[in-house]
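What follows is a pair of complexes built around chain A, which joins chain B in one and chain C in the other.
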Partner chain A sequence: MNALVDSVATAEATPEKEQPYAALGLKADEYQSIRDILGRRPTSGELAMYSVMWSEHCSYKSSKVWLRQFGEKVSPEMTKNLMVGMGENAGVVDIGEGWAVTFKIESHNHPSYIEPFQGAATGVGGIVRDIISMGARPVAVMDALRFGAIDHPDTARVLPGVVSGISFYANCLGLPNIGGETWFDPIYQANPLVNALAVGVLRHEDLHLANAKGAGNKVVLFGARTGGDGIGGASILASDTFSAGGPTKRPAVQVGDPFAEKVLIECCLELFAGDLVKGIQDLGAAGISCATSELASNGDGGMQVSLDEVLLRDPTLTAEEILMSESQERMMAIVEPDKLEGFLAVTRKWDVETSVLGEVTETGRLIITWHGETIVDVDPRTVAVDGPVYNRPLSYPTWMDALNADSAEKFLRPSDGATLREQLLTLIGSANLADKSWVTSQYDRYVMGNTALSYPDDAGMIRVDEESGLGVALATDANGRYAYLDPYVGAQLALAEAYRNVAVTGATPVAVSDCLNFGSPENPEVMWQFSRAVEGLADGCLELGIPVTGGNVSFYNQTGDVPIHPTPVVAVMGVIDDVGRRVPSGWQDSGDNLYLLGSTHLELDGSAWAGVIHGHLGGKPPKPHLTREHDLAELLSAAAHEGLLNAAHDLSDGGLATAVVDASLRFGIGARIWLDELLERDQIDPLTALFSESGARVIVAVPREEDVKFLRLCEGRNYPVARIGVTDRGADGAGADLEVQDLFTISLKELRTASRATMVEHFGAVVGYAADLSGSGIHRAPGGGRISE
Partner chain B sequence: MPTIVVEVMPKSELLDPAGKAVTGALTRLGKSEFSAVRIGKRFELTVDGAVTEAILAEAQQLADDMLSNSVIEDVVRVYVLEKTVLESAPA
Partner chain C sequence: MKVGVVTFPGSLDDRDAQRAVRRAGAEAVSLWHGSHDLEGVDAIVLPGGFSYGDYLRCGAIAARSPIMTEVIAAANAGLPVLGICNGFQILVEAHLLPGGLIRNNHGDFVCRDQRLRVENASTAWTNGFTVGQEITIPLKNAEGGFIVDAETLKRIEGEGQVAFRYLDVNPNGSLDDIAGLTNAGGNVVGLMPHPEHAIEPGFGPDTPDAMRSGTDGITFFTSVLQSALARA
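Right after this comes the complex of A and B.
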């Protein structure tokens, strides 16, 4: 018997050996149930596997009972086009013409705080591998980012690191980054959120799933070698195994290699094309532990694997470390024996190292050997599927009623032009509303040549079929401030906004992926927030008739003891039959009529206005109107299809005022806006008209010759519509203005300066902006710029 | 003028993509006697005047705090470059 190996036989012989389960994150009762399942103490390898697979991150043990709603609250309409639903690596949606699209959003929050560059880079790498493992070619990425206060010194470390990590990885892969969000709030100071989305396309027949079926089929590991990345926890086991002079604690971070991933993408696609793969799974969190136990659980249930066959970068790794390593750019495939030669020929061609670890069996056991000893002998379902499930206690937060009672309506709403003008300029220069080109200009947006829309448009859009023009649009949204005031409503508002952002492009929203970022589930108030948000999202999806296809939950996000605002990031995907018919967000010509669709109410609680002008967060968020969002989306789709719209822009943070600023700055076309009719119809004051954040509203630019048709369409669908202005490029040579009649006029030049200055002031210059900002007193702040490598 | 040298290497457990690329290139060129390459960084800090204990300590601090990223890199060596070495370049 090998003295260094904690084999099953050793475990049986030494039942009383103390094991560091607590240091691995397992609770005493969880450790006991592992002992009960096995009928003996686990080996250290088994303990490593159970501890990572039963972690919150892999097992969803606190969220599972709530997430079921996404599968239960569904109508036949929602599942009609769903080829793969929740539970696989990513959901797959049929978009017609034989094409399918897979997309998913996932968090990489904690690694991105510890090491912003590599944390964010490997976040992109991980989500892209999820897409590959469905059989799809990745075609675009997006990122929803949240940082601490824009002027906090640590934000100057985290933000530039995260942005360069994302741009480095995705730019090297040759994937366009077509949008996302960048938010700032002190609540995220020591816990930034990096939520990465990837989208891939495939032909229906190319769909692949993660399961290990067919006894005798080979289990193959390919891609990068396995090293000591991201196994901080496992070192405890290692030092336990080697009692004297054990290895030092391993780093908890991983380093990504996008060039290896690019090769892996092409290699996998060739393997799929050659029909050489039976099942496939990417290696992410929990590495080989996760891949083997999940593949076996989803297949025939048995697998025999030898860890001695794993190609190592570092030969001193212990078996436990190999099982837990999170080395990047690795995949595991199930290959029929007669296709193994063909498989190896393809991986050889792409210079991708490959080793056969073992084979699928019918024993129902996952057996892993190391140095001739059996170190793991488990029912894989107990590791991957039947982990602990918690019904965590919930409690309605004690502070909730007081918070909801503290409405922003207490603040004076000035109606004079000079004050409104000044407040508008303050708002558009505030951290969350300011121009984010500093971030997006570092990303390739047009690589691959299929990008139809990207930042600053409301949604990103990618052409899928180069002949027919069939495409997909994607938007991500979340407003943590709203979700803090009411998590149920906040989740629905995030859904509504992402849905509307897709709809304004002319696409029809069809599917949802979500990334639910919350504090600690062991805090009953946080758990209450989580349960309400999931319920809100599930109810909202049912009402809108679009399914949640997958996503992820990230708990334990807190700064000190303070949990982050509940941040349910919702990604909505839509389909457009020809990207040539897309509707841009910006105005393009003089003389278009501007119409506001939807009605405006006094809804300033939690708004950008309340936050920026008054430093206030309280009251109740705007009411979601999901049925009307649905009607609005259909109206926009019909109008886009008939070519009635020159532009359409969603109203959200900052209300009508920031929407008209965005739409005018996009292509430098100004406008004359009048509010009288709106004030009269909706019984509101000018400030409410400008800054209220009521939902289900969009501003559209309609060419004069389509006016009658457009209005008839709105009437026919009984959707509130008000003509509020006309676009105007300004007199020749004078430059355009934005005029709000009887209140104020601001030149586009002044608006642009206010909008662009903020990011530049805190993080340094943006390529291409220098000319616009000359003379504005903008300087590069000390400590700004790229710090982390 | 004396020079302080700071040598930084990627942590041995972590992947070094650049080193891996060079290893691959060497193999393709038939240099199979080298089985692995890792690539680090070398900083040369020139000092006006003599290197005191305090300046060396300052350089060490700088190496830990700013020249390396302790999450993924190790400072392997901080030392004063001997003058003779500098001047021994081929004439």
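Right after this comes the complex of A and C.
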């Protein structure tokens, strides 16, 4: 018996040996149930596997009981186009014409605080591998980011690191970054949120799943070598195993190599095309522990692998470290024996190192050997599927009623033009509403040649089929302030906004992925927030008729003892039959009529106005109107299909006023706005009209010749519509203005300066800002926003 | 007419370059970095990307790959070769064009719609332009700062080897605002911006006429067809 190896035989012979389960994050009763499952103490390798697979991150043990709702609250309509639902690496949606799309959003919050560059980079790498695992070619990424206060010194460390990490990794993979969000709030100071989304496309027949079926099939590990990075607790086991020399210090954050991943993508796609892969799984959290136990659990038998066959970057790694290593850019495939030679030929072509670790068996056991000894002998389902499930206690927060009672309605709502003008300028220069080109100019939006929309449009859009123009649109949204005031409503508002952002492009929303960022589940008030948010999201999806296809939960997000605001980030995907008919968020032409769709109420609680102008967060968030969001989306889709819209922009943070500013700055064309009809109809004051954040509202630009058709469409669908202005390029030579009649006029130049100054002041210059401040604008003949050749 | 597009490990814009070739009316032929076979193509594009992970120096390893032995020989014999971004870096590392490309002077990757002035309209890849023409094509790189010794700079400026210059903004600190070069023969052209991203209405840079409608890049690819026809 090898003295250095804690084998099954050793474990049986030394039942009383003390094991560092607590340091690995396991509770005493969890450790006991592992002993009960095995009928003996676990080996250190088994302990490594169980500890990491039963962690909150991998097992969803605190969230599982709530997440079930996403699978239960569904209608047949919601699942009819769903090829793969929750539980696999990523959901897959049939978008027609033989095409399918897979997308998912995932968090990499904690690593990105410790090491912003690598944390964010490997966040992108991980989500992209999930997409490859489904058999898809990744085609775009997005990123939803939350940082601490914009002027805090540590934000100057974290933000540039995160942005350059995302930029470095995704740019080197050749994936366009088509959108996302950058948001600041002191609540995220020591706990930034880095949520990365990836989307991939595949033909129906190319779908692959993560399962190990067919005894005798080979288990193949390929990609980067396994190293000592991303090993959290395994060093404790190393010190447990080795008496001499003490533990080796291993970095907790993984290190990414996008070049290795790019080669891996092309290699995998060639393997799929050659039908050389039976099952496939990427290696992410928990590395080989996760890949082997999940593949075996999803299969029909067992699996036997030898860790001695794993190619190592560091030959001193222990078995436990190899099992837990989170080295990036690795994949595990199940390959039929007669296809192994073909498989190896492809990996050789791409210079991807490959080793056969073992094979699928009929034993029902996952058996792992090391130096000739069996160090793991488990039922894989006990590791990967049947982990502990907690029904954590919930409690309605003691502070909730007082918070909800503290409405922003107590603040004076000035109605004079000078004050409103000043407040608008303050708002558009505030951290969350300011221009984010500082971030997005570091991302490649062109690569692959299929980007039809990207930042600053409301959603990103990618062409899927070059012949037909079939494409998908994606948007991510979250508002932690709303969710703090009411997590149920906050989750629905995030859903509604992402849904609307997709709808304004002319696409039809079809599916949802979510990344649920919360504080500690051991805090009953946080658990209450979580339960309400999940319920709100599940109910909202049912009402809108679009399914949640997958996602991720991130707990333990807190600054000191203070949990972050509940931040359910919702990504919505939509389908458009021809990206040539897409609608941008900015005015394209002079003389278009501007219509506000939807009605405006006094809903300023939790708004950007309350936060920026008054430093206030209290009251109740705006009411979600999901049925109306659905009606609105259908109306927009019909209008876009008929080519009635030159622009459409969602109203959200900062209300109508900031929406009009965004749409004007997009192409440098101004507008004249009048509010009288709106004030009269909705019985509101000018400030409410400008800054209220009522939902189910969109502003659209309609060419005059389409006016009649457009109004008939709104009337037919009984959707509230008010003409509130006209686009105006301004006199030749002079710059364009934004005029709100009887209140104020601001030149686009002044608006642009205010919007751009904020990020530059805190993080440095953006190439080309100085040269194009005038914003030349586009000058186009009438004819709609269609692409013509 | 066949135009080869070389794929190195880490090439990213190879499929985009193939699309540009097809839209210009030629046949796109995929060439592999490990091969010595140019497959009888009439012109070659070295596409953008991060060949070999940009390890050592951008383009340095690719310049020594098997296919480049053939590309260098063919270029020296007059075959039209276009290097875009990483391809430009490869041409420089292969000594088909002078100078070097270093980290942008501001230190960051930058992606923007870039205006350029055409300085030489008599190369194989620019004969469809006119001298002084102003075009807009996307730029996206982290290592695009052009450097060269003073004597060579004087020579290439004097001999008309500057093919493109940045207009309005020098996005990376390049000497003399140089965005692209040609060799003395006019068959080899390299530039940092990406003409293959401005070839199709709807997917290019914004123009004064409409969003994402810029197609100035297609002229690179139609030019090489013209020059091949002229030689035939």
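Keep this in mind: the second predicted complex is superposed on the first by the 768 of 789 C-alpha atoms of A that agree within 3 Å, B and C clash if a C-alpha of one lies under 4 Å from a C-alpha of the other, contacts with A are read in each partner's own complex, and residues count from 1 in each chain.
Just so it is clear, a contact is a pair of C-beta atoms (placed from the backbone, for glycine too) under 8 Å apart; a residue touches a chain by one contact, two chains touch by 3 or more.
Small disclaimer: the values here were computed from a predicted structure and weren't measured.
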item: Contacts of A:N450 with chain B and chain C, given as first, second, both or neither; value: second
item: Contacts of A:V263 with chain B and chain C, given as first, second, both or neither; value: second
item: Which superposed partner A:Q328 touches (first chain B, second chain C, both, neither); value: first
item: Which partner reaches more residues of chain A (counting touched residues only), chain B or chain C; value: C
item: Which of chain B and chain C A:W350 touches, first, second, both or neither; value: second
item: Which of chain B and chain C A:G580 touches, first, second, both or neither; value: second
item: Chain B versus chain C as contact partner of A:S441, first or second or both or neither; value: second
item: Chain B and chain C footprints on chain A, overlapping residues; value: 257, 259-260, 351, 788-789
item: Residues on chain A engaged by chain B in the complex (per definition of touch); value: 114-115, 118, 224, 227-229, 250-251, 253-257, 259-260, 313-314, 327-328, 351, 788-789
item: For the chain C and chain A complex, residues of the former touching the latter; value: 9-10, 12-13, 15-16, 19, 48-50, 52-55, 106, 108-112, 138, 140, 142, 168-169, 171, 194, 196-197, 199-203, 206-213
item: Of all residues in chain B, those that touch chain A in their complex; value: 10-17, 20-21, 24, 69, 71-72
item: Complex interface listing, chain A residues touching chain C; value: 164, 167-168, 171-174, 257-260, 262-263, 350-351, 440-452, 463, 466, 579-580, 584, 588, 667, 764-765, 767-768, 770-772, 776-781, 785, 787-789
